[in-house]
């Protein structure tokens, strides 16, 4: 976190700079089947963030040394387009994107029924086209939908969302200014039906009480986002019937 | 192309700066069998350009994923020596040399009887020792000779040559100054017997009429160069009999 | 070598700056079995140098193309920790460390009974934690002990030590200042029982006579260091009996 | 991955060609449907999205200031890049750029650069001190065939809608990037023995050589590239070169409609 | 290398868990023995060695001067790096850093950085001109399990003993690096269905997900990371979060003893 | 590529050695024929071509100006590089430099550098401001054995014929690069149990360790390197060290003939 506590991010009336309340999400839109070459795909806009995800496979895992005899591996890449950020970023993977790819893969492996596809690989390509804080949550949430769109069997969907702390107040879903000048960020990945966690990161400074409140906000938001995921999937497959 | 039209490259008498006419080639010399470690080899000097080519194979293609079940692949590398240019260039491949390697390989695959060697690989190593414009044509032309020297069956030889435009005039075989300050360059690869094209690139600015004239110059020059290729090959194999 | 002969490295009384005589070693300490995760390991302090070596294997060699049908290969890495030198060095291998790794591997392959383990690989990891001149000798000498600790059959141990030239005088075991301002360095690897050489490098300037004296110093020192190697190995395996 | 040459597909394409037909029912020189959107990405200073059949491509423009090179003190620069990335197709692998990817990037770049659509001298801020570098990044999201033409179209459309962010950099007022020309790339593929325009993915898989032609507003050619194994006659080339003029005019109109 | 999931080991660990036991006889939240040494490397300006069970880690601190960034003219910088290297275990391969290695480095770095233990403004030499860059390199020599905690401990201990080499750089007198806090990382691994503290190598091989918690002196959390496949409930998390406070206090005492 | 140890070749070489003979009929210390050409590449400021048996090597020298390092304000620099590249032999692969290639480059470099043949102070243009960097690139085109010696010979010959391009850089008149010494490398290979000079390709394939000796004009040794698996006695070394003096003198004469 920037951790510079000297920027005012909450107005006198208790609203945040963009008018949201502490436990309010930015606007979210989810679309399914947007990339024709992929087996499954999803486009998610979340505030100003735009993520598109393509899923390929299951296919034979190669090189062979990555094969697991008892399950599929998820080959996940989180990538930011060069024009997705305020200053252009060099194309290619960096340490940040590799770490996000790793924890995303592990979160998704926790919900996909990987035991059904031994020795195979499922490729998940997460592309961030516009980035305004919270892209990893956006990518994970969209990836779960794209996997469902590809017909990959899963135990549950997965919703990722973050709460944080700004001006010593716990709030939900930090936008770019809040992320730059905030004091903590707690992104999680929640299975909406069991409320179990498949993903967890955090950095900054939270007391145990603040941590508990942030987790509460995340749980509530996950339920909301889950509804949008289900609707998006339904509207693709029942589109013709409405 | 540099595209800066303000440098005078054609004298009042219609001659180019080095005295050549519009459709005249620089001096060319071709030698065969110059690299003892190679199965086939060729050295070509073309103006001040010097290219040497080594051919190895056919051999088993590896890694296996590059094998083709119905034909040989050509593994071509075009490489400029660090001391080959006016300013030293860093050793190793760059995007330019990789693109030239690719289009050269595809041109040569069009003339080599690749179907005779399934699952195998033929290595063609093109080294530019001195570079004064037109090195890709020099490399392709020499590579065809080196392949023949290696006894690789081919449908035809291949001649590569370029016409271009300087001071709004179409001319053959640009030298270094003409390339730096010229307006267009049209390198092609011609099978001398059928007049078919196996290679084509172009950049700059050519009207349809200029394009046709440039192609005409190239066709005529290809016949001349083809004679030198054949003589070089003959003189190696009949050297003892003359 | 720095080769700048203008720095005084030998005092009027004939002693070197740290008080050593021409043919005197810096203090040496050898410990065995210091890295629990390794099959064999050794820690050597030599002057201010600290090297730790881990040995893994024999194990199946992969990728397969490195396998030798009639013997084991030694996969040796010599690596300097970023904090091991006066100015921090970037982590990772450079051309110097790759060359030292290669000649070290070849030296060790000359003493290990590699024919006993066809198609397999023995990994030797040499880490320099503190570097004050002579690290390659320190690494090779420690590696031989670590291989013995791992139970790898060997024809003999191997001792590496260097003599050199400072202020036109041949001396044994250059320290950092002597290395920086010296005129020659002659590191060798000696099999203590047969006095054969398995490793040899040299740079700088030595007359034939100086070369012979330097080799004499090295031979004598190798015997001393060999005793310390043997004691270290013994004290591990007989430790309980003393 | 071993790419088995799809013998059956090749035979099918050959048969279709004999009946002057194509696998998706199009005529030889018929284009698939194109959807072009512009200015759709908040953080880019110019952007576009092209859906061309099932092919999807984004392009984004970013500006930065730099010192000019000493031999061209009043010239800025344009860097165009396009890559084959794993998201776009099952067969693209992660890793260093393949020769195919490098060729795509360089051919798309040359078509735009050689047309002279951006006057480099128009990118000067203070001669000898400060010029604009323009980064045009083209991001292929879904490859259903003919990504060369889709990338070229997305690229010039993004440039045509770009705003120079002078205010953010404290060097004057924001203004549109001056783009004086609209180069258009037209690609042809030999399928079943004859060249067709705008190949789809199956035609790319089962066909032979490819030819890429970039034409300027005045019908001049700015860039050519023959890719893949195969040979062709000058007569074959003349036919597609002629067709490219028609195609380029239509696509140029499409851009004019969307951009102004 | 194909990592065969060690079915038998998993079964054994499951059975042990059912009896509330562990493979090396420890209790669920019992730590292995730790030996901490400091200032042991001549060429480093601060150093430490941690032996934690059979895990061995060195840390070294090096200083260099650099110009500050224009938007933070009085702030120096701290670069922490840790890597999985072939020396430390049979299964680590040479080559570019694996995702596992990158995760280790970033998690250890975040724990130290987010605690605010180094005030970046205390690294200023001349505002706008010269600041210290602190390189903390953590070198894993032997991996017998739980290298995350060993690296974090070695890292903060090396910082706590580091001397700023001002004299060598001609910018004043040598002085201790100011370190105002002592962040401690505590790692838990799900083994046989329940979380244990300080997993050894076999527990890492036969277990499931891992959780890393970094706590500051005041009991606030500064960094969290869940790694590997597996899910957990909020109740499970609450239990280990609570335990981490106790562990962190003990380790903080260990450092205080050695460092002062 | 799996390099099967050529058992039959080794046996044959052993038998030849017992009769004090070699596979190509030479004596133990007999050299193959050498052809040396100089100043043959237009764009290099010094160049040479060495044909040594079937081994072919080019060397080229390029100059550039740079700022001197602050601790040696009047010293220029010499960068020598040589690499094993795919053109030179069936068994060389493209890709990052192999250990064999790195060893070649470093051994050839050390032989030239340590001889002191280029006084770095003679490369000064304006002290503290501008010095010459000399790039000596050695390009192996055909490897038929003993490329170390061929590279070293081509390298020093190219330096001896190089012209400092001062006019082109506007810093005075062109003049010959001052080269005060002529280091010569002599390489020996253990074949069939005894060392031979100037091994050919088959001897390299079927032999054991290699020793490279670089001698200066005064018979002093400037560089040694033992490569590959194998051991040798001090008596064996003394014999080849002695022979190297003779070989070096002959090669030095060859250079003097060609260069002046």
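Just a few scattered comments:
Just so it is clear, A, B, C, D, E and F label the chains in written order, and each chain counts residues from 1 on its own.
Simple rule for what comes next: contacts are C-beta pairs under 8 Å (C-beta built on N, C-alpha and C of every residue); 3 or more make two chains touch, one makes a residue touch a chain.
Values in this document were obtained by computation on a predicted structure and should not be read as measured data.
Touch-path distance (fewest steps) from chain C to chain F is 1. Here the chain-to-chain distance from chain C to chain D, counted in touching steps, is 3.
Counted by residue number, the contact pairs of C-F are over half the same as those of B-D, the matching pair from B-F, B-D or A-D.
Work out the mean CA point of chain A and of chain B, and you get 52 Å between them.
If you average the Cα atoms of chain A and of chain E, the two centres end up 27 Å apart. Averaged Cα coordinates give chain C a centre that lies 32 Å from the centre of chain E.
Shared interface positions of chain E, defined as residues touching 2 or more other chains, are 1. Contact with two or more other chains is made by no residue of chain B. Chain-to-chain contact here is organised cyclically: the chains close a single ring, every chain touching exactly two others. Here the chains make one closed ring, and walking it from chain A through chain E gives A, E, C, F, B, D. Contacts from chain C toward chain F in the complex involve residues 1, 3, 64-65, 67-70, 95-96, 98-99, 101-103, 106, 109-111, 186, 191, 194-208, 211, 215.
Only residues 1, 41-44, 47, 53-56, 58, 60-62, 64, 81, 83, 85-90, 94, 135, 137, 139, 141-144, 201 of chain D touch chain A when the two sit together in their complex. For chain C in complex with chain E, the residues that touch the partner chain are 34-38, 41, 48, 50, 52, 54, 56, 59, 62, 77, 79, 81-88, 91, 123, 125, 127, 129-132. Every residue of chain D that touches chain B in the complex is listed here, in rising order: 1-5, 97, 99-100, 102-103, 105-106, 110, 114, 116, 209, 211, 216, 219-234, 237, 241.
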